[in-house]
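You will see chain A twice below: alongside chain B first, and alongside chain C after that.
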Partner chain A sequence: MTQQQLNRRNFLNSLGITVGAAAATSVPAIAPAVAQVARSPKGNIPSTPLKFGHMTFLTGPAAVLGDPSLKGHILAAEEINAQGGILGKRKIETITADENAGTDANVKELRRMKLSEKIDMFTGVISSGNTPALGPVAEELGLLTIFVDGCTDFLWDKAVPNPKFTFRITNIQSADGVTCAVAAAQTWPTAKKIAHIHPDYSYGRNAFDHFMIAYKKMVPGAEVVSEGWPKLGTTDFTAHITKTISSNPDLIMSSVWGGDYVALYKQALRYGMFNNAKFASTIAFGVAPHAIGKDHPEGVIAGVHSNYYFTFPPGNRWPANKTFVEKYFKRWIEYPNFQSDGAYHTLHMYRTAVEKANGLVGGWPDEEAIISQLEGMYFETAAGYLYIRPDNHQGYKDAVTGFSKNVAEYPFQILDPGRMITIPIRNITAPPNWPKPGTSHNDPTSTYNWIKETWPQEVA
Partner chain B sequence: MTIFIIQLLNSFFYAAVLFLIAAGLSLIYGVMRIVNLAHGSLYALGAYVSAWVVGGTVGHAASGTLGLAGLLLLLPVGAVAVAVVGAVIEPTLLRPLYRRPEEYHLLITFGLLMILEDAMKFLFGGTPLTAGSIMDHMGSIPIGRLLYPTYNLFVIAIGLIAALGLWWIIYRTKFGVILRATSQDRRMAAALGLNVSRVYVQAFAIGCFMAGLGGAVVVPAQAAVLGMGIEALILAFVVVVIGGLGSLEGALVGALIVGLVRTAGIQFFPEIELAVLYLIAMAVLLIRPTGLFGRA
Partner chain C sequence: MSLAVAKKGAITSIGPSAWRPAVVAIAILLVLAALPSLVDPYQTVLLTYGLIMAIAALGFNLLLGYTGLLSFGHSAYFGAGAYTVAFIVRDLGAQSMELCIVGGLLGALLISALFGFVCVRHTRIFFGILTLALSQVLWSLAFKFFWVTGGTDGIRVASAKLTLLGGFVNFAGPGSFQRFVFAYYYYVLGLFALATVIMWVIVHSPFGKALQAIRDNETRASFVGISVRRYRWIAFVISGAFTGLAGVLWVPLNGLTTPDILYWPFSGEIVFMTVLGGFRTFTGPIVGAVMFNYLKTYAVASTEYWQLLLGVVLVVLVLALPSGIVGTAARLAARFTRGTS
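Entry: the complex of A and B
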């Protein structure tokens, strides 16, 4: 056990966390890949348009995330088409589908888009309830797919354990709860009584599980003093807030998002919920940045789905972000969120893979050739470098979160540029080939089991 | 004890808003025998219009000259707007279908729901709209060592006044007698010389006004968000299933039961918070299929 009795500071140091404006990705900035001059394509390229299916929430409460996703997709498609299309020949045509139709209808729509619309590529999808249903169908149809979100660990743990055609670009869901736990344990190491408010579906459950397993390792004696499981789409949180306050927590942890979160913090302010307890969220600032008012409490951990916030990495250190934010703002008169980043770079990543495959095989590369280039790809995005792990086709980039702050430059509250927290993703997620749930263990995810088995237990 | 009082007030607040929505739904069904699936979306429309007016430039101007009073005067704009929309919908979309079977009513109001949801997203965008300035003006009052927002008490009062007002209109005025007569036998009412078409427009507009008022009063406390209408519609149905569709008393008692049970669920059984409401509705359906105050 002596080896296990690391103190928290040593352990946190070993995670490679960086705090502050200086933090950027661990790799020095090089010229953006998108800015590199494209080589002229090899072989004969057909000029038929490429058909993309983009499924996202066009209606319903989650449209607040669907909108930025579609906007990111359209922006990238317009840029590529303005240069003549992919490999200079094939322009992108997008057909959209409303994810709000429900999982069964979405599966039918995916089949319809492939079989009767003959789409070449499928992207989008926000909900963790939908990717595990759509993934196996995309595999069955042999349809090249890059999911923008729907980031549940379950997709690669259980639903599609050996993906061939399906990929996903945003960080895996377990990273969200773990990032939040690491940030909270580092900032408020004495907070032991934890109250939770989470939406009652897979995302909220996942955030709860991974926050607690990681937090308990770092803060011995941490316990759950209150739980609230509002339905997704709830806007009345008064009873949850009163219950939370009545449990006298040191720290309140939440994964409520979107319009629900705006309603939650507005009500919590008037009940004084932020007065006597610290607050940490996985995704408070993940919705469009302008949705958060200046009345939001400052100095709380306001997560961004551990993926991306538009002010980070700062433009002078990471030109790719500056360029992306400027282009996005010019097109849509608003700032991008992590869905915009994901959807936008999905197209550019695909284009890069096609160009590389073309350089190898000439002509228009087939799916196999494109997949071989996507696997293991190291790709520059606005958020930093993204790595597509070949074993599970999951995109990994350094996890990011931060603290809320009002600044004069923006009419809404932002993440404090001087206190951004980044954590190398490999330090908070299970490595390749770690046993999946249902094999040697029955924990919720591989990462949950990996943390349970390998992280040192801090002793009081 | 403090927690108990505040949770009780939370339940009343929730019940007040639910009552406004469910009473309108019940009134429309009681008079016109139409199950209005677009009712929740009309509630959302009231919320969006009020948030847009109070939180926008008009609200800033009113707040500058009249302060809190100015903002409170602007708040019902959403309810009035929804009543006007109702007065247009009834003669144009619903009237041609009264003689058709119920399925047609469901289809047209469901279509209306979809159109309204899209129209709101188109008009107001995907970002939540807020009108929090009213709550900031009113502040919070201390209860024990905790705080309770003063505005929430105001909403509870509005719920009570609306319940009394509706009861008075329906049971104590001539218009109420006409409403009830039309509700009981439309053809007889027409034969006795009542202008049934006008009664229908009025009843529908009042029902819509109630929904819009629910949206208007809820928006300073929460926010106008996409999908809030669907959520409200489902809850309003739970209320009228428990209370009895078409009954004003039923809407009031149903809203109180839903408010209290939901809060108790959140406080004591967080894991089954989602299920408790539907369990109650199921129990009522098994024991009294017409609801507590419903007519067979």
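Entry: the complex of A and C
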């Protein structure tokens, strides 16, 4: 591949990054998907309830990130049931499972849900340690599944390379590290000494890899001066904080999430970790928004897993967001996070697919028909347009991140709506059919290889 | 069933007094063999998990119940078996389950011989702490060597690719998982029956009696001429091999292996199962393992406070039923027969 040499500003421009509240005006004017399907169902629809399984973190430090997923799911189920159910007949019943039971127990539980409880569909799952275990099981059971998160590239690159029954709605994980790198390179282009603190499992490794490959392309001479790999679910970060500070970095990059992150930032404040270095996180504000106190440092890159933050798009510029946040707040007296958005729209997307399939085949459509409608679907969500790529069943939407800020309207810290960064997803993720790891290369992911091969190298 | 016959033969050869347990064992085996056609596939899966853990608990109880050593590190041998199988399947591309069993058993034997050599030099709390510490070493290796073991993501072992009985039974094609569950249940049941018979023979052999002598009085046992340390070491290795076999069988059923099975709470679960069933009896660990498996699965499914529920069960168990389910049942049965005769 030819490596053009190019300065950072031109390259960042070529990525189509938008900063600020103006971003949402650039979306195309397409009628909302939900409004297109208000027709009466064809054929005979059984009135038996539809059984859903929803698995998420209900206990443990990850619950501040996972519990909103169930809340989003329940909100959507209640809305659909209030209208008589899917196709006006089939009401949604949900059984839940605690993802905190561990990967092995989760595999067992998924089998129980399908074989014993006879669920029609499975949703949820937060951790990237779990989707690669559960995806093959769902395929094995022939169980229609839309994962809300657990968005590791590994799921489609390796664990389930040709999915039939499994889908995933949140952005692919490599986009998270790359988005963070682009935001950091744009904001602090002189930061060369990078210290890392990541949870020691696939997500942390993925964030580290993709941040570094993208950041080094844009900031020549960038180097890793410290690495900390705390165990997922740890709440004592003292050793990692002191190690990070002693390496005297320009920029600290982290993908610690959920309750772990809340513990990390509170302990880091005591040690003054945010005073002498810039800070960029992929997923700091991924938790339920009220979990972040006003004591959180302002002006840091506080990512939302490159998916969604409830204040953006702001005002009434994207009505789907305004109404979603209002409905969610009315039901739960709190604000949604990106999991709420994912779980809520998972159900609505499923309903839309069933309605479309019903229009084509009549009666209650079988799984093949529903899958055919989910593949390639273009769907309106609170976060913007979501596209389900047919080849890997992965949901793609434009990536988003931002800067932390205290404002008077909210009792917690939020992402500054005036400084949001959005990046068109096609510019930071490998295109369909890019070689998968283990074929013509052995890089961690397709996207990693794609960045390595095609992104221009900025010269000093 | 040919296995049931083989089992009867093995037991009757021990002595005429063994005929009653043998009849009961065969009856239970026949019920177990008939179950998959009566219950739904999920129950078959659960029972398979239960039988596998029963093999692990049987092995564990050779140390606790018969030798008087409380190991808090049996996750290490279970994990050694499981990870060896995962490596064999992933790196060597092997598909034969029998090959996996041989490899996995060798792995577990190696680790338990090594760890046992160190641990049997001490007893009581020192023994417990040593087993715990050594198992944690294996756990941290599996956890930290991300590029070899997959870290917490673990290694996947797809059941569809495996073959049983030297390639005679395979699971390619549609309905793979359902066929696998059905066939694998009988496979595990056969090995479980075999393992139970072998363990029965071991604990009723002179070697087993020597272990019990060591348990009851170490000083007297050595006066009789028993080489205490060597006997303990052999018991340790046998115990590790049984638990390793359980790990081997567990991997294809579970579909993947993660460092969770090397972590100390998993050792605690093996202890829990054995205490639940009763470690003073031969069948206690079997009943305890099957029961615990149901208990945990349904606790996780029914409440988010499942850890609390399990904790309460353990506390009640230790306070109210120190002899476990089987021990208590035996006591009640004895009282009942005394009352009627």
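Some observations on this one:
Keep in mind that, in the parts below, the second predicted complex is superposed on the first by the 444 of 460 C-alpha atoms of A that agree within 3 Å, B and C clash if a C-alpha of one lies under 4 Å from a C-alpha of the other, contacts with A are read in each partner's own complex, and residues count from 1 in each chain.
FYI, contacts are C-beta pairs under 8 Å (C-beta built on N, C-alpha and C of every residue); 3 or more make two chains touch, one makes a residue touch a chain.
The structure presented is a predicted model; accordingly, all values stated were derived computationally and were not measured.
Under the clash rule set out above, the superposition-derived model of chain A with chain B and chain C contains a clash between the two partners.
When the shared chain is aligned, chain C comes close enough to touch A:V107, but chain B does not. When both complexes are overlaid on chain A, the residue A:D98 reaches chain C alone and has no touch with chain B.
By the document's definition of touching, both partners, chain B and chain C, reach A:T59.
Looking at the shared chain after the overlay, A:D200 reaches both chain B and chain C. When the two structures are aligned on the shared chain, A:G299 is found in touch with neither chain B nor chain C.
In the superposition on chain A, contact is made by A:T238 with chain B only, not with chain C. Once the two complexes are overlaid on the shared chain, A:A133 sits against chain C while remaining clear of chain B. Of the two partner chains placed by the overlay, only chain C lies in contact with A:L115; chain B stays clear of it.
Stretch 307-315 of chain C is the one among 1-9, 235-243, 289-297 or 307-315 that clashes with chain B after the shared chain A is superposed.
In the three-chain superposition model, chain A touches both chain B and chain C at residues 59, 200, 231.
On the chain A side of its complex with chain C, the touching residues are 58-59, 97-98, 101-105, 107-109, 111-112, 114-116, 128-129, 132-133, 136-137, 140-141, 154, 159, 200-202, 205, 231-232.
Chain C makes touch with chain A in their complex at residues 40-43, 45-46, 49, 143-144, 146, 151-154, 156, 158-160, 176-177, 254-256, 258, 260-261, 296-297, 300-301, 304-307.
Looking at the complex, you find that chain A touches chain B at residues 59-64, 66-67, 200, 227-231, 233-236, 238-240, 242-243, 245-246, 258-260, 262-263, 266-267, 270-272, 288, 290-291, 293, 295. By the touch rule above, chain B contacts chain A in their complex via residues 3, 6-7, 10-11, 13-14, 17, 117-118, 121, 126-128, 130, 132, 135-136, 140, 146-149, 151-152, 218, 221-223, 225-228, 230-231, 262-263, 266-267, 270-271, 273-274.
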